[in-house]
Amino acid sequence: MTPAPKTYVRPMNRWWMRHPAYRRYLLREGTSVMVAAYALFLLAGMVCLVLGETAFNLWRGFLQSPVSVIFHLAALAAFAFHAWTWFKVMPLTTPPMRFRGRPVPDRMIFRAALWAWGIASLVLLVLAMRFL
Amino acid sequence: MRARSHEPIVWSLFGAGGVFAALLGTMLVLIIGILVPMGLGFGPDAMHYDSLRSLFGHPLPALGLAVVISLFLFHGAHRIYHTLHDLGIPASKKMMLACYGSAAAGSGVALLLAGMLVVF
Amino acid sequence: MQVIQSDVVIIGGGGAGLRAAIAVAQEAPGLSVALVSKVVPMRSHTVAAEGGSAGVIHPDDSLDKHFDDTVSGGDWLCEQDVVEYFVGQCTREMIQLEQWGCPWSRRDDGSINVRFFGGMKSPRTWFAADKTGFHILHTLFQTSLQFPAIQRYDEFFCTDLLVEDGRLQGVLALCIATGEPVLFQCKAAVLATGGASRVFGQNTNAGIVTGEGMGMAYAQGVPLRDMEFVQWHPTALPGSGILMTEGCRGEGGILLNKDGHRYLQDYGLGPLDPWPRPRAMELGPRDRLSQAFWHEDQAGRTLQTPHGTAVHLDLRHLGEKKIMERLPMICELARTFAAVDPVTAPIPVRPAVHYTMGGVLCDVHGATPLPGLYAAGECSSVGIHGANRLGSNSLAELLVFGRAAGLSAARHARETPAASAALQAQAESRAAVHLDMLRREGGTRVARLRQRLHEIMEAGVGIVREGPRMAQACEQLAELREQFRAGVALDDRGRAFNTEWLTAIELGHTLQVAEAMAHAALLRQESRGAHMRIDGFEARDDERFLCHSLIHSQGDAPPRVTHSPVTITRSQPRARVYGGAAQNQS
Amino acid sequence: MSQTRTIMIECLRYDPEQDQAPHYRTYEVPFTDEMSVLEGLQYIKDHLDGSLTFRWSCRMAICGSCGCMVNHQPILSCQSFLRDYYPARIRVEPLEHFPIVKDLVIDQSDFLGKLESVTPYLVPAQPLTPEDGPNLQTPRQIEDYLGYAQCINCLLCYAACPQYGLNNAFTGPAALALLARYNADSRDAGQKTRMEVVNAEEGVWGCTLVGLCSEVCPKHVDPARAINRNKINSTQDYFLRFLAPFGRGS
């Protein structure tokens, strides 16, 4: 073959600055940091629970602090954004479905997921009010 | 022959974690972090040591909590691992071990604690 | 110079070239095939074909009907023995494509669906919605990938055919990325470079359809045949020339003048009712429809648009569902390029150059008079289109004759000794001529020359033709070629991906092809098919002109035109009638 | 003729024979309402600077030649209109994530190799000849793959995919969509061969579902869907082989 022509390869540095969709994507991926952090926070609660009442009350007391409120508001935003984006892309990952011969439109799947979200949240709330 | 990726293992855990986080996460955070401390809909005795101890003395809630924590951790680990790559920190064996290793360790601890809560 | 040895070289990676390459790879697995294309194959102009491809499969249809429609559509200038072979092979090729994965549109039971096209007695057009060419091309390209014998040279621009000892032995190409000349030494070559519609300004064709394949063969003494027959497609968007497929009319679309009148009934294509019916009104042949437009335009009954006059193509009565199912791309194109939604408004359309009926002379096997050189597809004149090509026959042609040319080339390659050594010197000297263009100072810009070419052709050799204006066009083309030889001004003097330079080389070929068209048109003193004269030669003249034009290159001098007989087997020329009159006849 | 205005078009320029790195050059282009970005570039080439290099052919959004970045958005220049950017100046660059050959021309050979790697043709269950007649396939069966068969290989999706930019071993959106097209075809029996490509690290697992590929696709092919549905298939394939280690080799 003729020698390959000289080409110029552009660097990828700060690629997320190039398109708003990239920044939305990183934000979506970023929610996972909060998810992991919240898991650790719950894990800490478990540890405290095992250690005994004194330890647990420290954890329980932390919940009242402004730091905790800020942390939880941030976590709330992260989880809500995660849920929204998760449901948005869900139609892309589900196998093709048909209803009465027609393909199920994406927005139906999204809406169904929102309903599931609402119901699951409600059930959790009711259970929590009953058992906590 | 192309090498088969082992991604399906972590991807399944990531996916399960994502579903749990999406369906339950918001309400979980709302209850624990906002409603209970502010006393909205919950009495001052909510989430008291004794009531939680007895609740998580049952295997099902204890195991459930451990599984939720574990899946959240894997969900986080998976996305963090890939996003670090996106941000220019090359994906490596070491990085992989750090991310998924800590998730696995955290999961082990959670399961252990759940066991202790049930047994003791 | 880099030399690549190959048994068969295929020039052009469109439908015909890919079909030929696959034919060689399948039938002669021992041979090496070089598929040399100036664009990556799926960019070829086959991709833009919309409506469909002919093949007899409908229960009401027959090979005889396909034969008759083709021969009468071509105004009896067809090689009837070739048409006979062609119609017999079409359906086989359509089925072959189906088995390679082409998503032909189907009926509910899963069988093939066919639609009407202009000039057809029965529905015969296989279609894949309104992206038939796209699906055919991608199916062929993807299918070709399973044959390791096919070595692709994407973005290699062929400049010359190299002849030694009276037979074709090589092809000179430029690797576009580097600008380096490459010699393909071969035992046979298949020319599949497409048509030359870019000779004209307003056309439906891609920018790559510049006729250099015809030019290369012509320069080596292979005659071009029937070049005066240029097809104007009646329904293209004004300005851009983007095609609104004949399928629009096949599905029931109608043409209206500015008064909302279906004017085709005034041009021997009526009466209006019963409607729809084959070979009548909007389902008449393309030449008649384009000519009818010209008359309406002369009578001032066309609409004014920013890009010239137009008539309305109305699809609204088909309803949104049918339009979206059968003509989705037309909808998108009209919305994007004409700001018209066909569901709610008629589309302004006018004729634009669409197809070159003529081309490199070849026989039913694709063999040209030059041993070792074969041709297929629009660049060839195998003889099935005559004076006017029937819609749907060009995609079928690529497949039938692409395969035939591939098989012939393979056979020839097997029986031929290797190329001679003298070839390299010839290649070097031809390459030097092209490379020299990069160093020459002064001259005229490519865009200016091209603009001038378009003006000359549209004024002199348009839909409607007159002797003096054609004669003037011939003179002006000679001057333009002189101007071209005097030098082309290039801003880009580098070798790497120099499209300005390649366009200049291309233009050299295009100018010769234009000249061939004009001279052949001037000498044809009759009206036949797409060649319509209004200077006393309004009628068909079978006495003097039931013959092909053969155009021979005379180097820098204007070409020499001779005539050759037409093969007539079973259909004697008769009046070519459509509309109500056609029914009375049959 | 609609009114003529003037727009500034800033083009990335790179001449491999002269330049070490790309630079930008701005042209003043008169335009009318119906002029596309491609026609703007053609105006520059014809009248202002014959050395500006770009690919184009069909000018009707079907050949896939003329993709480029306009203001960081991958588009087909033939179906994007200058009026929609005016009065701002526009910046035209070659498609992201591909090596630049010259000016707006990128090297597409890597993509072509990927396309070839996915067994992008029908693999019939048993050999057929035209004499066997056409297969039956209902409109509904066609619907299963027709969307994925609309790809014109314009490469906008690769230019939209940061994962391909970060690691070009990734098979990428268009090639994986084509793979899904053949897998979903009722006439095809080649799923097993293609599964190897799907299952690989550089197969569907190179995707993190940024999703922009599907948004920029001018033909609504939706490669993101093709890829992510195959993640499920690949996962099933991964675990099921443990359940049925025998009998899957046939």
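Read from first to last, the chains carry the letters A, B, C and D; within each, the first residue is number 1.
By our rule, a residue touches a chain if its C-beta (ideal position, glycine included) is under 8 Å from a C-beta of that chain, and two chains touch if they have at least 3 such contacts.
These numbers come from a predicted model, not from an experiment.
*Asks:* Looking at mean CA positions, which chain is nearest the middle of everything shown?
*Replies:* D
*Asks:* Could you tell me which pair, A-D or B-D, is linked by more C-beta pairs in contact?
*Replies:* Most contacts of the two pairs: A-D.
*Asks:* Just give me the whole-number Å value for how far the CA centre of subunit B lies from that of subunit C.
*Replies:* 65
*Asks:* Whole-Å distance, subunit B centre to subunit D centre, using C-alpha means?
*Replies:* 38
*Asks:* If you average the CA atoms of subunit A and of subunit D, how far apart do the two points sit, in angstrom?
*Replies:* Subunit A and subunit D have C-alpha centres separated by 30 Å.
*Asks:* Using mean C-alpha positions as chain centres, tell me how far subunit C is from subunit D in Å, no decimals.
*Replies:* 28
*Asks:* At which residue positions does subunit B touch at least two other chains?
*Replies:* 82, 86
*Asks:* Mind pulling the subunit A residues that touch 2 or more other chains?
*Replies:* Subunit A, residues with two or more chain partners: 5-6, 12, 16, 29.
*Asks:* Two or more other chains touching the same residue: where does that happen in subunit C?
*Replies:* In subunit C, residues 177, 496-497 touch at least two other chains, as defined above.
*Asks:* Between which chains does touch occur?
*Replies:* Per the contact definition above, the touching pairs are A-B, A-C, A-D, B-D, C-D.
*Asks:* Where on subunit A is subunit C touching in the complex?
*Replies:* Subunit A reaches subunit C through residues 1-6.
*Asks:* Please give the residue numbers of subunit A that touch subunit B in the complex, ascending.
*Replies:* Per the touch definition, subunit A meets subunit B at residues 12-13, 16, 26, 29-33, 35-40, 42-43, 46-47, 49-50, 53, 56-57, 60, 63-64, 68-69, 71-73, 75-76, 79-80, 82-83, 86-87, 113, 116-117, 120-121, 124-125, 128-129, 131-132.
*Asks:* Which part of subunit D faces subunit B closely enough to touch in the complex?
*Replies:* By the definition above, subunit D touches subunit B via 162-163, 166, 196-197, 199-203, 205, 208, 231, 234-235, 238-239.
*Asks:* Under the stated contact criterion, what part of subunit B meets subunit A in this complex?
*Replies:* On the subunit B side, the touching residues are 17-19, 21-34, 36-37, 41-42, 46-49, 51-53, 55-56, 61, 65-66, 68-70, 72-73, 75-80, 82-83, 86, 88, 103, 106, 109-110, 113-114, 116-117, 120.
*Asks:* Which residues of subunit B touch subunit D in the complex?
*Replies:* 1-9, 11-12, 82, 85-86
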